[in-house]
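The two complexes that follow have subunit A in common; it is paired with subunit B in the first and with subunit C in the second.
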Partner chain A sequence: MLRNLKLVVVLMVFSLTFPLFAQGQSDTAPQKEIELRWASIWVGNDSKAPAVEALVADYNAKNAGKIKVVVEPQPDYNAYEQKVRTSLAAGQAPADIFTIKFNPTTATFYGSKLLMDFSTTMDSDWKATFDAGSLQQSTVDGMLKSLPMETAILPLWYNMDAFNKAGVTTLPKTLDEMFADFDKVKAIGMAPTSQMTGDTNAWTSMIWFSHFAVAFGGTDVWSKPFTDPAFVQAATLIKKMITEYSTADAVGLGAGGSGGHFLAGRTAVFSNGPWYAGRADLAATPFFSSIKIAGLPAAGPTTDFMISRLQANICAASSKDKAKEAAILDFMKYLTSPASITKIAETSGAMFAIKTDYVPKQELQKQFYTAANSAKTTAFDLEAAMGSEVTLEFAQQLGALALGKITPEEFCSLVDRKIER
Partner chain B sequence: MQAVGTRNSRVWAGRILFLLPVSLFFIFFFIYPFLFTLATSFTNWRGIGSMKFNGLANYKKLLLDPTFRKALINNIIWALSQGFIQVPLACLIAMILVRKPKGWRFLRTAYYLPNVISTVALAMVWVAIYNVNGPLNAILGVFGMEPKNWLGNPDTALFSVIFQTVIYIGYFMIILLASAMNISRSLYEAAEIDGASTIQQEIHITLPMLRGPLVTTMTLAMAYGMRHFESTFLMTGGGPAYATTTMGIDLYLKMDALRYSEASTAGVFLILMGTVVITVLRKLLGKSDPMSEMAQ
Partner chain C sequence: MKSKQTPTWIILNILKWVLLITLLAVAVLPVVWLLISSLRTNLELQVSPFGWPEKFQWKNYLTALSMASLPRLLLNSVVVAASAVIVNTIVTAMGSFILSREQFKGRDVIYTILTAGVLVPVISFMVPYFSLITKTGLYNHLSALVLVYTAVNIPVSIFLVTAFMKSIPKELEEASIIDGCGFFRRFSQIILPLSRSGLVTAATFCFIYSWNEFVMAMLLTSSIESRTIQLGIKFFTSQFITDYSSMYAAVIITIIPSVGGYIFLHDKIIGGLTAGGVKG
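Let's look at the complex of A and B:
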């Protein structure tokens, strides 16, 4: 009996400790092929997924026996962001290659030694392929621990079929014209805009607010205190947009609901990035071909600007293994090459921080490129400029503002207290 | 004598062997994380980089934070509503079903069913029900009531989120029903002979006999209320204006903003508050709890 017991104990200890030794063996075993794990968000229904999959297959075929890139699909972006955060906090890189949404909160990742610093490994030829402004925005204290990959402009989307039904045939040029047009849209029983206060960033309303704030406060508005009159004016206008020119469920509504209203033709104006243009459900709408993309009509001293952001920066895990580091750099160069980016842009309509000669053929995508190129200047949106904590406070207090529980001045003060100075 | 000693050591080896797996899990998945959380709550750790000891700064900041105070109050409301609304309702249904009315088996399954359905799916259903254009407002409209944005208004949001948990009473009902079924029928027969009505039988026999399971279910319900997160996060994200936020949501959002040490402090508070609430509850209700009598 005691012998059996000892045997059971030995087996249990062995089964518990065996995986530790088994894991260790892979490091010491001779490596024929370097395997790179890429935790990719461009999978599943993402508009970039088919092109990215083809590029990885092509790279693996060309490097057969030497380097193999294995895509670890991350279809849920929020869960993926959590994974990146917790992995880095636990002292492990989430994968050999992974993406982040670059903003002041995620810039904290630059303090981690787990991330490769491209400022020391990037040659001038490779550097020249990137948009200089985006590279500079991605540099923190001289470190370049993420490469700007996907960028975005966040314009306003007009369903011109709805506008035509309301007797409006041209886009508004001033704020007064815009509100007059919205009144006409309301008169035909349609909500003029898709607004929302839900989720952690009140996404579509946050875009509108960013447009207003930059229009009144200039492209450097985000460096001013949130109690600045420009923000108070922007808060007053966003309240008006939610209470008078949106759907009745805007307070508390999430991004899915806000986008859903536009797709279902319940609202006439929407706000989002170029990735939304590649959606199949948008292409299936009867008004798809009538959509017009534009910036905010002249509202304040700053005009002809566009709200933009670094949508996805790509990171790599630092490695003491020189061969692996070289493999990572080789794949990163391949992925960010103008040829690869052109292929992804062709099928997705997304915009990138890598310079290419690509000119979109699809009408809606073409409008995005035109809007980006015709803007005199660009400015970040609230989330990209201030980080997740300030944006969360903005979203939480936006509902109270819309319901008249707080004044625009109080709203701005509440958001201001979350800004780290 | 030696044989007795060998037998004793065998018995102990067996006990240790049985306790070892669960003890290891408890140490790795509770004791270690708790100690780590406690240690980081006294630092300025942001998840990345080194930790610097900063004393009680996080605790002071947290207590002065109006959002956290709101979360704390909401958690207490949650705990009380779970313990003193959900459990009594579950008890009432258990008392009805134990008398095996027609269709009681179906009702037992129906009441328990929401507990096996995904919280995410049910939360989405409730978001649709509470929508301005949803079925709840449509029904209320029949009675001439104006449609309300139930989850979008800070005055109604917390009540709306708490109300939907009523569908989960089946979990507590099953525990109470199982206990009620074990009460000897002879007690009821004797009461009937003495002329006691059904209500008198429930008050003077069922409820006293269920005191132990009631304390247990109330403890479970209030513990759930103190650590509540899922459905509120899914339905409102803690908004609007933090009207529905809880300590769990506050902790999550602090981690989201890479404020790990502050999140740890919120975690320590969460554990402390949970312990206080449960201890007080058991002190108040546990005097006649058969479980506590057995422990003495």
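Let's look at the complex of A and C:
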């Protein structure tokens, strides 16, 4: 009997406490204030987080009682991307405002009616604040369902202290000069470059490969079959870089390890975007002030170009509620205004598709702006151009290529099979 | 009296200890490395992943606790895991009782359908779960996670507890019927107390799953008020930069309750696993 009583008590306690879990969205009372949910990736220790948080707080204060933007922090970018895909597949927008990494994979989201089409709502003044090329790249079949926000160039980083120790005082101008310099770096017992085949995109080596492919095949190389001679040449060179001019652990290494080698002074050349320039551990290295940023030395018919990408595009959920749609547009205009972008750029050093007069004070970040402005032309990297599935195949086969299990021709053929045409 | 310490016995004994120490090292060293790494700086980790801290960075733990709102997430995890365990245990106990002790048409079919869920990857339920939870208005509620974790663990729990209940001798139940026990008392006073080890085993699996789960928590919640500790760990990973030191400190904080729970209940867990596998 006592045991029965215990069971009944447990069930009663549970039934009483269960409603406590209900929170947040159950309020059905009419709301005057329009609440906009922003699934933001710029949270936590992201360099843009403090400025974005301040901007949202400022916007909410100015629109108190009318519009309130609620930031929903999205930790772990890969899981966030999966959440966006899942919610769209389930017929729901992941939030009122959210970001995507624009590439052929995410461009398929443009087919969804859940996303707001800015091409019909964007006025000429607002449009003029964006970089025209980035807007064009974000347009699919006449629809502009994501606004270009953060952009990036992906140059090569030279530790000039290491180069000087090897007796090299200037940046190489040709591919032959580059390999000669690398041989000198090797002679002082240092690995010339950071390479990697791990993670879902073999990030550092993917950037090198993109440089080679564009140099040999032109800025429109990504529209060619992957079996094109330009890709085979690029594959031959990336194999050489991994096997002869990198650390012994490059096969299977992830981005953390690749960057770690550069930070630790174990490699002399690295490749990454502007976000890496703001790292405290990079600033703490003894060679920080010696770092030089540059594009690939002349290697093929295409020269003086820079590899770039649309790093983050911002989307909004379409809404039948005109007041909510107006509120979303109002916040989007505020967020993408040159004044707001300048504030984010000042604290993060990131680069944006919105035109501003901002020039960074930090030398390394300044070099990024100079490199971006001085390049004759730009071209997407492999991931930005071909999407995540092709890049995953690239990363998976890169290890086999480096280990000599497949030839560059076979490598290109295997990646080509993953391309949907 | 002949000594047992023959050369073969000594060699086998040495091999046994070498194997045991190797297995212990494989199990323990990653946790030791994690603990040491949680007290180092990010630069130290990048430069030398296996070194000793130049100075113990206790502030990593403070950063972990404050930056990712770990105390709130920890509380949410406790509520979600405990609630999922309670609901799962109640449903499992009742379901397993019927499936193991009662005779009715279609019993085996129901059992097979329920336990077949073990073979289906949870990831394949993402879209249906997301649709169900959003349509029922439970998105961003702790109860969404409680329901999903309970449901996901039902197949394993039913499988374990049904096998355990089947091993209880029928004579005990028959004697209780002669003594006047009805259906409910047979369940609550005879079978349920005797199945305690099996239920604890199932509850432990459910707790460990609920405590460590990440994908569904990320999918079905969007604010600190309803998120769990595993999302807190990922708070140190942004699109480009990972604060490894603070993340490792958060991981150490996270594993303490589940390891503690296992140490506290390990005899019942092992007992439940082995007892459930023996026919009575």
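One rule holds for everything that comes next: the second predicted complex is superposed on the first by the 392 of 421 C-alpha atoms of A that agree within 3 Å, B and C clash if a C-alpha of one lies under 4 Å from a C-alpha of the other, contacts with A are read in each partner's own complex, and residues count from 1 in each chain.
The rule is simple: a contact is a pair of C-beta atoms (placed from the backbone, for glycine too) under 8 Å apart; a residue touches a chain by one contact, two chains touch by 3 or more.
Remember, predicted model here, so these are calculated numbers, not experimental data.
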| item | value |
| --- | --- |
| Subunit B versus subunit C as contact partner of A:57, first or second or both or neither | neither |
| First (subunit B), second (subunit C), both or neither touched by A:89 | both |
| Subunit B versus subunit C as contact partner of A:387, first or second or both or neither | first |
| Touching partner for A:400 - first (subunit B), second (subunit C), both, neither | first |
| Which of subunit B and subunit C A:281 touches, first, second, both or neither | second |
| Which superposed partner A:198 touches (first subunit B, second subunit C, both, neither) | first |
| First, second, both or neither for A:72, with subunit B first and subunit C second | second |
| Superposition-derived comparison: subunit B or subunit C, residues of subunit A touched | C |
| A:323 touches, of subunit B and subunit C: first, second, both or neither? | neither |
| On subunit A, the residue positions that both subunit B and subunit C contact, one per complex | 82, 89 |
| Subunit A residues touching subunit B - in the complex, by the definition given at the top | 1-2, 5, 8-9, 12, 82, 85, 88-89, 105, 108-109, 111-112, 197-200, 247-254, 387-389, 392, 395-400, 403, 405-406 |
| Contacting residues of subunit B [partner subunit A, same complex] | 10, 13-14, 17, 20-21, 46-49, 131-133, 147, 149, 151-154, 157, 236-242, 253, 255-260 |
| Of subunit C, residues touching subunit A in the complex | 41-43, 45-49, 67-68, 79, 83, 86-87, 90, 126-127, 130-131, 134, 137, 139-143, 146, 185, 188-189, 193, 214-215, 218-219, 222-226, 231-232, 234-244 |
| In the complex with subunit C, residue positions of subunit A that touch it | 3-4, 7, 10-11, 14, 18, 21-26, 37, 39, 41, 43-47, 49, 70, 72-73, 75-77, 79-80, 82-83, 86-87, 89-92, 95, 256, 259-260, 263-264, 273, 275-276, 279-281, 284-285, 312 |
